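Shared between the two complexes below is subunit A, which has subunit B as its partner in the first and subunit C in the second.
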Partner chain A sequence: MAEETLLSDDFLRQLMGVGEVDLMVGIPTHNNAQTIGATVAVVEESFRQNFTRDRVVIVNVDGGSRDGTPDEVLKSITETHPSLRGLTSLRTIHRITTRYTGGPSPGGALRSILAAADLVRAKACAVISPQSPGLDTNVVKNLLQPAYRENFDFVAPLYSRHKFEGLLARLVLYPMTRALFGRGIRELHSTDFGFSGKLATQCLGEDVWGEDPVRKSPEIWMVISAIASGLNCGQTFLGPKVQPATTSGTDIVTAIRETVGALFWCLESHQDFWTRVANPEPVPTFGPDHELTTDTVRINRKRIYELFQKGVTDLSPILKTILTDQTRTEVERIAALDERNCRIENQLWVTVVLEFATAYHHNVMNRDHLLQSFVPLYRGRMYSFLAEHHSSTPDEIEKDTEKLCLEFERQKPYLLETWKAK
Partner chain B sequence: MKDLIIQGLQQAYQNLVHMISVFLPRLVAMLLIMLAGLFVALLMKYLLRLILRFTQLNRLSEESGASQVLRNAALPTISELLTRSLFWVTWLAFTLVGLSVLGIPELHEQISRLFQLLPEVFVAILILFVGVLAANFLSRAALLAAVNAGFRSPRLWSGSTRFVILILAISMALEQIGLANQTVTSAFSIVFGACMFALAIAFGLGGRDLARQTLERYLGDNRKRDKEKEKEEEPSPL
Partner chain C sequence: MATGTDQALWYKDAIIYQLHVRTFYDSNNDGIGDFPGLMQKLDYLQELGINVIWLLPFFPSPLRDDGYDIANYRAIHPNYGTLEDFKAFLAAAHARGIRVIIEMVLNHTSDQHPWFQESRSTRDNPKRDWYVWSDADDRYKGVRIIFLDTELSNWAWDPVSKSYYWHRFFSHQPDLNYDNPEVFEEMWDVMKFWLEIGVDAFRLDAVPYLIERDGTNCENLPETHAVIKKLRKRLDESFPGRMLLAEANQWPADVRAYFGDGDEFHMAFHFPLMPRIFMAVQLEDRKPIIEILEQTPQIPENSQWCTFLRNHDELTLEMVTDIERDYMYDVYARDKTMRLNLGIRRRLAPMMDNDRRRIQLLNLLLMSLPGTPVLYYGDEIGMGDNVYLGDRNGVRTPMQWNGGWNGGFSGADPERLYSPLISNPVFGYQAINVEAQKRSPHSLLYWMKRLIEVRKSSRVFSRGTIEFLQPSNHRVLAYVRQFGTEKVLAVNNLSSSAQAVELDLRNYKGSIPVEMVGRNLFPRIGDLPYLLTLGPYQSFWFRLRRI
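So, the complex of A and B:
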């Protein structure tokens, strides 16, 4: 029923022409004409190398590109490898492209990919971003194989990163998910991931696609849904995450809106599950569990400290409605300290995050405003982390992350108490 | 003489009896109308409360920040406020209709005027209420945006936003009830124009260098360098 409204007649015709497949790779695009050709070529090459006997299809779902991205998808089939098509592989590698409705959004794109996967009865699927700079044939293989051959339902990526990259994941998303949902997925937010046809069908049937957090970060909802349904989740190492080492302040606000907002929303939508989960269990991992690099990067710590300090002062009336008096007083005391002594320790940080989650649940204010109010506090914790681990080794950082996870677990009863309080 | 006095007293007594015989049914009618009004008002209050509970208005009010404003002003929840307002407006309307039954021409005239003004006052209050909500919501949005972007005076941005919206709401409300139409409009135009003029002069004279830098940043060659500088500030969150 969902497919009838989701998929256009032309797309349906193309999918029916393909028939049933074993593997499907979905590539969501929006104005990616420059990179889509190379991405499709890598995926095809991976199919040729690793899945020679399997029925495969590449599905491009486009959000309304104006630079001819869909044309590039189809064009590269003949222009880049005119002689290779279907020759080294025992089966034809199909490429199809469609445009989804409702404007470009990760949620809209994923929904179309899931609908296509459901229709062609794919056993395993992967979503690959055309903007992944480190994409190679192994990435595609590593995302598909656990779902195809090892019966995993969701395959999250793992990357080798700089020790100061991905701090939102390290300080909030990973430890909170591990403590509350009982499964520690390190890269909760990712543009590349794998999943089974079973999970695709299950997620497609959920009535959540109009929700803002799902539209913006569908993969977070998808992995939490998989965990909550008792499905098999795993992680696979994909190599170094190639991305700019640093980014601007605006990106932090967007990142928090999309990821922390989605996680808080999932706490609400899956509260029946996480309130019952007792002890976290390890997530099966293919390859190393973590890998950190320690190259020198330029980070303006002083500015982060100033933004934290000023943010806490200016947002004091707003924080008053979100945090308890005790927590807010402690945050304000730390913000008043000088650069050397300003540290938000694990215990206070976890309390702050959990009180924000509770405030989100109780609708104490507009949810977008609440998430924006979280930014200065995240900067404070980020500053503490940067100052504390300026010269730490990867192992020391990993030990600290473990302590943070345990602190989240220790304070879970506090969240349960405040969650049900109102 | 004596007869005349007795006759006068009889006449006065008859008039009084006549007046009471005319007035008493009207008074009873008025009381009945008021009583009926009380029942209707209570019924409407109950129905509205049910409808508002169904539409989850309180939750929307919490999300938009309206509840916070009401709490700050020591007012009840928005559903309670609306149901109480409906009750009083309905009962007041019935009371005024009842009073008009008494047939006192002066009172009738005043009631007519009050009836004419009542919707205007109600709309003016509504405008003010929406204005306060909008001022609260947008000033908070401005504060958060300014804080997270690292602006120097976030509270100034927030306060200015609140001030402009409140002034606009007050002037619209006053215009609605027809109070000093031209004065209010002129005053608003003058105050708003003066603020903008002052800002323009302050930015043009006091912040010449800042203006040049800002223009260069967005239009000139510094754009690339500025982006590079921005990149050195914070590590990637994801």
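So, the complex of A and C:
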């Protein structure tokens, strides 16, 4: 029986028409008819301004939109013909679209994008979300140039954020990746990132696409794979992180499942690598480093505190199977404190995270349930952070984050010991 | 030459061969080509298949701009022969069915022309107002300088008449003043002189610049068009069937005006198309060609674009964007010696790195895109250039007839030649010459002859419409030319690698493509996309037959 193929005949035909390219931008969509036109327009304009002589293609991979998104991709005529004099761009800017199989998922979309990148031999690629309100031509340029001109293989974004945004990254993903994998990637989980054709081909060949963490957060797996393969990873500043107006935000349970879960899974799949990493190395950054803003925002800290308390109480039997007695006892003690005194400090927090990672590795329980039970503890840490830093400056927050990173590094031997224990 | 409705449009079916008499063949061994020599080579041109010769200026001139600085409009420069020699050549050309276009530089003369000598002599000379004089050099502010490499201003100080005169080109080429009716009448009289001798057409040099007005860019002014209309009217009344060809290096929309309502020029060069053909092949992308042709306006039924790859001037990059110009410099003129006046002073073959396939592809495009094609002398054998000869002289070297003495161009001492021959091992006359190529049926010369033959076999190319196909493979430029019921499909691979292309030919369903060179049948067109595979730089011309 013929093997099922990732690429439809129509997609293959379109790729044949495109031929070899220097640069590719992949845009995964699912019911984004409202915004995709503007996204494509910005990408095209960036090609015209910044990559005038290069062979380029925009590849839309669609998860089965019912609102006509693919038609909008092909329909958007972005060349304004300001006058009848001369060309608007030297080369044809291709736009192609395909529907990927398996239902909408970031992993399915990325896999199709990687396949396209491989077949058109793109030297550098970027994935752009069709819902990035802050997207401008510089974003596209900044994601492509490091891979295209500076030989980087993965390019993560850096943003200017409010000091209380992106806490999952600040409190778990960034310090853990830095300590364990030796590279401090600030935005491990992002809808906009860049990569080299070499990395695309490598990742495409991996037999991981059926795994849930890769389906949900493929870019986390991708950057960890790049790090573990010794490829060049960098970060590039994209400006303010603007949240789409229409989304209500991913709920915290889903966020933790998809990000922390993916990172834990990567610990498993790349244990040969991180168990040997000694000291972290700095990650080259293009443009300004990330920035923190300190505008006043209203956050219901009390609610977070209450959810932490309730979660610890309700999940006590489950936490017994995940955490050591000492760690669990300490967590429960802190959860019983009043709001003013309830603080999960760095040392305890890192221990909690690493014990969860170990429990994940040892399959002490259903992994999805394990990740869900991490949520209240994360809320506790989040509450502590918000309380401690409600009037902190960006510098103070960065200093605290650095301490957290160092704590992860300090406890890495503990993780190694428990990881290998039977 | 016979006239009549169809013959009146002879220029549409023309294959024009451009040459300077000085470069072609020297009959009296003084090192300079001449009209008797050119006449001796008419058989070669007839055999090549061209049917019009366009001669670069041959008038008496101090030759500071290769003859475009005319000192006498009604004579032949003694270097090239006599007026009788010219008449003999003309008759011989006509006898072979070859028409002749000559240059007519309307815009300016040499400063050695008696008219200018008179004009400058005193302020009340009758010919004073034949040129554009001014006491100050501040009129017509902001008007661009065309010869940027040599001129700092469009005004030059004349120490004789102690005033400034206007010149859009070299300072030794003062502009004539067409606001003076006497100038127009005199130039018409000059043209009549040559028309009565029998020349078939004029290429009017530098026409956009005839008239100046303050507050304008002094180009393409309505008054200029009025002058042209008047000329055309006189031509049609007194010499029907003769032709005016405009040299107007402008965007297509601006050149359009020079056709008028069919009452100005018969033909005009499509300058913006030419660099884009070169760009498309280097980019391996059809976009530059399609875009410029889609921006090209419709012209009157009795008008025609004139297309070319290279000519006696630098490959002009005036009508391209800065991005395009930078690209062209980078890929075709990396050595700055190759650049002149916002252009590239190289020949076709060296620009194509002597890649026979690319040379052929460009000629195929020239012959199949809309317009009357012009071949520059020597390009049919792939002549090279010498960028170190100064100005544009590197593309005006002697024609290479054989591998012997002076490349067969002249019996003079080599040191006496008007220009050194190209002599390097790749493009030199020993390697590239007519005699050698006549001996091989696989030479570029033979191929060009065959190409011209195929082109002339159908009026689809000279008079037909064009419909671009837009296959997803942008490296393939495909279009259908149609004239009446006749249709030709041209498919060109612009890239250096083999390509597959699927063409949507449903509109031609049922037609049988017949390849026009080998006349072999290809599968009938059906409902499905028509798949073709092409080798690097390969082209197909298919006649679409319905039987």
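Following the convention adopted for this analysis, the second predicted complex is superposed on the first by the 402 of 422 C-alpha atoms of A that agree within 3 Å, B and C clash if a C-alpha of one lies under 4 Å from a C-alpha of the other, contacts with A are read in each partner's own complex, and residues count from 1 in each chain.
Everything below uses one rule, namely that a contact is a pair of C-beta atoms (placed from the backbone, for glycine too) under 8 Å apart; a residue touches a chain by one contact, two chains touch by 3 or more.
Owing to the predicted nature of the structure, the values given are computational and were not obtained by experimental measurement.
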Fit or clash - subunit C, subunit B, common subunit A: fit
Which of subunit B and subunit C A:I344 touches, first, second, both or neither: neither
Touched partner set for A:Q14, first subunit B, second subunit C, both or neither: second
Residue contacts with subunit A in the superposition, subunit B compared against subunit C: B
Touched partner set for A:T92, first subunit B, second subunit C, both or neither: second
First, second, both or neither for A:T52, with subunit B first and subunit C second: second
Least C-alpha distance (whole Å) that remains between subunit C and subunit B when both complexes are overlaid: 40
Complex contacts: residues of subunit C adjacent to subunit A: 251-253, 272, 276, 279, 283, 285-288, 291-292, 295, 319-321, 323-324, 327, 471-475, 495, 499-500, 502
Subunit A residues touching subunit B - in the complex, by the definition given at the top: 162, 164-169, 189, 243-253, 255-256, 259, 297-300, 303-304, 306-307, 310-311, 314-315, 318, 321, 363-367, 369, 372-373, 375-376, 378-379, 382, 386
Partner subunit A, residues of subunit B touching it in the complex: 59, 62-65, 68, 137, 140-141, 143-145, 147-150, 154-155, 227, 230-238
Subunit C-facing residues of subunit A, complex: 13-14, 16-19, 52-53, 55, 84-92, 94, 96
